[in-house]
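Sending over a structure as structure tokens; questions will come in a sec.
Labels A, B, C, D and E are assigned to the chains in the order they are written; within every chain, residues are numbered from 1.
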Amino acid sequence: QDGEYGILMKTLANPFWGAMGTGVEDGAQSAGVEYFIQAVESDQAAEQQLNVCNTMLQREPVAMITAAINSTNLLPCLSAAQESGVPVVDLDGNLDPAILEAEGIEIAFRIGSDNLAAGAQGADYMAEQLGADATGPVLIIEGLSGNMTGQARVTGFSERLAELAPGLEVVASLPGDWDRGKAATITNDILIRHPDLVGIFAANDGMALGAVESVFAGGRGGDVVIIGVDGNSDAVRSINDGRLTASVAQLPYLVGLQAVENVAKVLAGEDVPDFIQVPTMVLTQEILEAGTEPMLEFVR
Amino acid sequence: MMSIETANTKRAPAPVGLWRRAQAASQERLHLRLESLVVLVGLCVIMTVLSPFFLSVSNFLNILLATATIGVLAIAATFVISSGGLDLSLGSVMGLSGVVGAYVAVTLGAPAGFGVVGCLAAGAAAGFINGWLVTRAGVPAFIVTLGMLGLARGLALVISDGRVIYGLPAELVYLGQGRPFGIPMPVFILLATALACHYLLAYTRFGRYTLAIGDNETAVRTAGIKVERHRVILYTLSGGLAGLAGMLFMARINAGDPTAGLTYELTAITAAIIGGTNLFGGRGSILGTLVGALIMGVLQNGLNLLAVQSYYQQMAIGAVLILAVFIDQYQSRRETRV
Amino acid sequence: MSVLTLSGIRKSFGAVDVLHGVDLTVAEGEVIGLVGDNGAGKSTLMKTITGMYRADAGKIELDGQSILHLDPGQRRALGIEMIYQDLALAKQQDVASNIFLGREPVRRFLGIVPGMVDKRTMDRKAQEMIDRLGAHLPSINRPVGSFSGGQQQTVAIARALTFDPKLVIMDEPTAALAVREVQSVLDLIKRLKGQGISVILISHRLNDVLGVTDRIVVLRQGVATANLVTSQTSMAEVVSAIVGGQDMAHAAEHEAAG
Amino acid sequence: MMSIETANTKRAPAPVGLWRRAQAASQERLHLRLESLVVLVGLCVIMTVLSPFFLSVSNFLNILLATATIGVLAIAATFVISSGGLDLSLGSVMGLSGVVGAYVAVTLGAPAGFGVVGCLAAGAAAGFINGWLVTRAGVPAFIVTLGMLGLARGLALVISDGRVIYGLPAELVYLGQGRPFGIPMPVFILLATALACHYLLAYTRFGRYTLAIGDNETAVRTAGIKVERHRVILYTLSGGLAGLAGMLFMARINAGDPTAGLTYELTAITAAIIGGTNLFGGRGSILGTLVGALIMGVLQNGLNLLAVQSYYQQMAIGAVLILAVFIDQYQSRRETRV
Amino acid sequence: MSVLTLSGIRKSFGAVDVLHGVDLTVAEGEVIGLVGDNGAGKSTLMKTITGMYRADAGKIELDGQSILHLDPGQRRALGIEMIYQDLALAKQQDVASNIFLGREPVRRFLGIVPGMVDKRTMDRKAQEMIDRLGAHLPSINRPVGSFSGGQQQTVAIARALTFDPKLVIMDEPTAALAVREVQSVLDLIKRLKGQGISVILISHRLNDVLGVTDRIVVLRQGVATANLVTSQTSMAEVVSAIVGGQDMAHAAEHEAAG
């Protein structure tokens, strides 16, 4: 069981992945294993990530924990890892089981939380806040065009919302490119057209917080339900301040922590489930104030 | 550059008296090409027809607000490009500045004024290093500023540990969200910056040397002007303006975001070029750049109001961009260029 | 009193040695002709005077003071002006901008904001200068890049003469000029001389050189090989000094009389 | 451009006989600046010292494999830039090509050969449109290719509906993952492309006209060469090469990815400029570009092997980039430039 | 037989009218001098012949065939060569590349791959041509941008003469040249004439023009105002035609005799 774990993230320039990195660190520390973390510049750098993955294999790690940017970009590297007998963990669940089967790649286990479900949880909460028979315009701020994570969250949200509260009309679903400023501008623009906006769902917390600033600067603070995804520390602060309504926390810290712990088990020959689902939770002001939710410990 | 006209250039149409005179006056007095204004107005008319929400004071303020950050960056780009240089680090330096400002004002807890100084100083310092490397070490501007792009972004991430620094003092937030007389502060700051910079580029010696260096560096050197020093000042100015943009962005979103400004340099350069700046130097106008930035702002705003779907937005922006510049420069292309 | 003294100027570009120790003195109000074959090093030598090139070795003194450590701007401020052979104009800028480059008059904008370049004054003075040179430009507000060769030459000349220099170096100022404009420039050189301004004239038009100079220095492969007093020399002597003693009687004759 | 040396340029050091001769021969015969090779080798030596994993055949193949896509794009950039043009759409067109290829081979189920043709044709078509707009409509290359950047990316997303198109025929996958003689196919393709393009740029009329157009377009026109047509061909070639890069990437990951190649244009241009291409045209060499791409590949690989953390990687790459070009061009800077 | 016939050529740039209907014929083996004030339109007129400019109105015929619809490359292929006043050289390229631009000899690489430019042949022929012009270049492998003014002029001349033209237009070919090189060019013009090649020579060096031409056409503000047979005219007449009848006896005298 000597040797390093290779951990390949998407990017670290994002609190979500930062928190996951911290989780990995803590997990490795408590399990007493060596590891090295690599990441690429952005969560769109698919080919670079493949190149980094190949390079990591040169260091002959004992296990690879990879958060693939999309369902295919790491495949050649993963099959190379399999050939040299390195177990692979799918961090954050970006790999498609069907494709893995087609490629003949067997992974040790999959760990993460479901982005589709996270989006749906956002819709649940919005419907709960506004009421199932509520009517009014809703804005969706997407991530970067073509980004899988963002797409899943947005799809989950809009599908569930249509089910739960058909009166809430999604009037626009626009790309914020993960950029706070762009999200703020989009919010401004849509407020012009729909001053009676009742809800905003953003595909991550950063954009949600940009939207918050626009809503407050536009004098509509408190009237619009704004929901982000991730559960960042600054989102938590904003919720505490009564600005952001809620964030669907994915507990990335916990994902990182459990990933390493379970790899250690795999290497020790123990059994682990194929899919370790880390729950998501909706962070709201009440929950934060109450502070009783056990999962809160893992919110970073 | 082209002293010889191509064989298939046609004769210019007979000048339409009034239009020609207005054009010449605008160019001569204001250093603004009237055509780009026409394109801007045309775009506004189209948007008004397409969307009932477009034509309103609040939407115009909204467009101006959305243009503020990019507008300031585009002004920075105009200075450097019209001198024959290039600054690819604008977006990163903007991100770095915001983080430094927020770090000073939040993490260190210094008074708001220091936050502003932090932004500007961080930007100017990065710009100074760019200028120094370009002129003294003689490394091409493309490489230097691309290197700075990586350096500044990395530094911003290191300082902020990859997280946003949230929760600025109220005075700072006012700079981004305040609305004296109902007009957003960033709009005031953008317009004031644009006017001051326009004066600087169009009417002062400094501006003349900037354009002349972009036109023929050797000629400027023979005139006894210190070209190297001038370039260093230009890059420093450009960095300082990126710092200002960083401050605006930070104040607007009430946080120092290490990933702010990603790929903004391209948009900024685009606005400058739409505004008539010559990518190879020698020509440039801040008012033109402002118009260019507004053209892009109106386009983006219109597409948002129309709720055009994201894939199609990218395509529409690309196509309209080409078309706008085509129309804008149609006439000057038909006439002889130098 | 000699205004300018060069001694032992050497210059090479990479592997190409161009100047091998050139000496030259110019007295106040003296007009010197500098002639020589193509590639003899005339332009290079002059650029070491204005500071565009740094000499590898040698001394340059203006009014007895070394100016080696000064940059081109400081030398220009001391009164050394040059008309460059390649004109060195900013082609996208108009006539006045080129003539006043580096010396723009300024005023206050709206009486308050300082530093505004006084374009109107510039235009007026530029037009005056062009008229003095007897040239016709279609409009002084067009970018100089759209001008004819001779018109551009005129602008370059005007640039060097507008600011009361002490020493004017003219590198083939009349090469592109038509008959009448050539006359204007030659007249001008005489006027400059009358005002005590020194002139170094580089020209392949030996007629002109013999017509206006006091002394003729011949540069040959980077060395000053002859120093002739104009009144005591002849076309034939100059030509043979340029080509290095070969028989060029035919050429001299053509140059002298066509 | 600079016909006048600056005042503070120092004298060149006395030539070191052998080195100088090797340098001249390399430049004259191979059109490759020896200095950049030295920088590449130096970087390799440093990495070997720093990391025990660096020096191995498999790691070198790994570096070459990682360089394949960017290398092909950088070759495309070299052609356009050395003619005084610019192609910002390279990355997007690469993405579009991969999607088109995958669409043809997977969604339409056409034979593998058509997939290859689809990639190349999509790229060349985009390039042709770029060229046409630049030369016939007279819109600046920056704007045209930036517009195409948006158009191509949007189209790729529309065609693929924002998802990767997975599951290529085995023949296509072989082009990306096959290893004849243990050497990855993309490496073969990169090297073959580089050699052919090097021949084209360095030794043929086509290449000479390309460089001459970048140097002085008017001169080329007076020589009776059809500059417009040449430029259209150049952009088409550039687009076609981007299509090839798209095919390589598609084959490598066994899928058409609509987001492939995001911001690759910048990296490609960087590699070309490290390799000695003049951003303003007139100078460029494909072998040089290849070396430039490898410098970036080795740097990236080394930093990954050292497991440098990603924030610091960005900074390190920025700094080393500037330093490498500084060293590379140190000598030529000390001597007189034209 | 007239080789070239221009009639009624008009050309304006935006608001600036430059040529107002110019007629000109050139016979086989004839040497025409085209003279005129700066900005008279000489260079512009010549560029309409090579196709660099498109005339707004008028006819251009070569050997009786209109060439108006042809592009510069086709006209060059028909044997019209021009030495441009602004030289039009690719400054970063070396001498041979400039001289052979657009006409590079090719061979097969390794006997198989076609299309390889034969650099060795180019270098050899370029050197021959330069020698024929009696010029000295430090090395033909340096970029021409590092050459002196006269050296660059020589390269431009060589470019126009290497490919057996039918008509050579020379726009101030000797402006930057030293005495001996001027002689070489004038001799060359005579040799061209001997081979039946027509030449249009634009020059402000009226001596040269009077020395080698058969006929002198004077352009004044865009109109051909005089057409003088060289053997029957005088310096004074030419000068007064150029300046438009003003008294320029002094100028003429200087031009003629220095």
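Just so it is clear, a contact is a pair of C-beta atoms (placed from the backbone, for glycine too) under 8 Å apart; a residue touches a chain by one contact, two chains touch by 3 or more.
Worth saying up front: this structure is predicted, and the values here are computed from it rather than measured.
*Asks:* Considering only mean CA positions as chain centres, point out the chain farthest from subunit C.
*Replies:* For subunit C, the chain whose C-alpha mean is farthest off is A.
*Asks:* Find the chain most remote from subunit E, comparing centres computed as mean CA coordinates.
*Replies:* Relative to subunit E, the chain whose C-alpha centre sits farthest away is A.
*Asks:* How big is the gap, in whole Å, between where the Cα atoms of subunit C centre and where those of subunit E centre?
*Replies:* About 27 Å, centre to centre.
*Asks:* Please tell me the distance, in whole Å, between the geometric centres of subunit C and subunit D computed from their C-alpha atoms.
*Replies:* Measuring from centre to centre gives 46 Å for this pair.
*Asks:* Can you compute the centre-to-centre distance for subunit A and subunit E, using the mean CA position of each chain? Integer Å is fine.
*Replies:* Their C-alpha centroids are separated by 72 Å.
*Asks:* Which parts of subunit D, given as residue numbers and ranges, touch two or more other chains?
*Replies:* As it turns out, subunit D has residues touching two or more other chains at 1, 3-4, 153-154, 157, 162, 218, 221-222, 263, 311, 314, 336.
*Asks:* Which positions in subunit E are in touch with at least two other chains?
*Replies:* 13, 52, 71-72, 86, 88, 146
*Asks:* So which stretches of subunit A touch two or more other chains?
*Replies:* 12-13, 42, 145
*Asks:* Which positions of subunit D touch subunit E when the two form their complex?
*Replies:* Per the touch definition, subunit D meets subunit E at residues 1, 3, 28, 199, 203-206, 208-209, 211-212, 215-216, 218-226, 278, 282-283, 336, 338.
*Asks:* Note which residues of subunit C are touching subunit B in the complex, please.
*Replies:* Listed in rising order, the residues of subunit C that touch subunit B are 50, 52, 71-77, 82, 84, 86, 88-93, 97-98, 101-104, 106, 109, 113, 115-117, 141, 143, 145-146, 159.
*Asks:* How about subunit C: which of its residues touch subunit E in the complex?
*Replies:* 13, 16, 36-40, 43-44, 85-86, 135-139, 142, 146-151, 153-154, 172, 175-183, 186, 204-208, 210-211, 235, 239, 242-243, 248, 250-252, 254-258
*Asks:* Residue numbers of subunit A touching subunit D in their complex, please.
*Replies:* 11-13, 36-42, 44-48, 50-52, 54-56, 58-59, 70-73, 75-76, 96, 99, 102-103, 144-148, 151
*Asks:* Can you check the complex and tell me which residues of subunit D touch subunit B?
*Replies:* 1-4, 6, 86, 88, 133, 137-140, 142-144, 146-151, 153-155, 157-158, 162, 217-218, 221-222, 227-228, 263, 266, 269-270, 273-274, 279-280, 311-319, 321-322, 325-326, 329, 333
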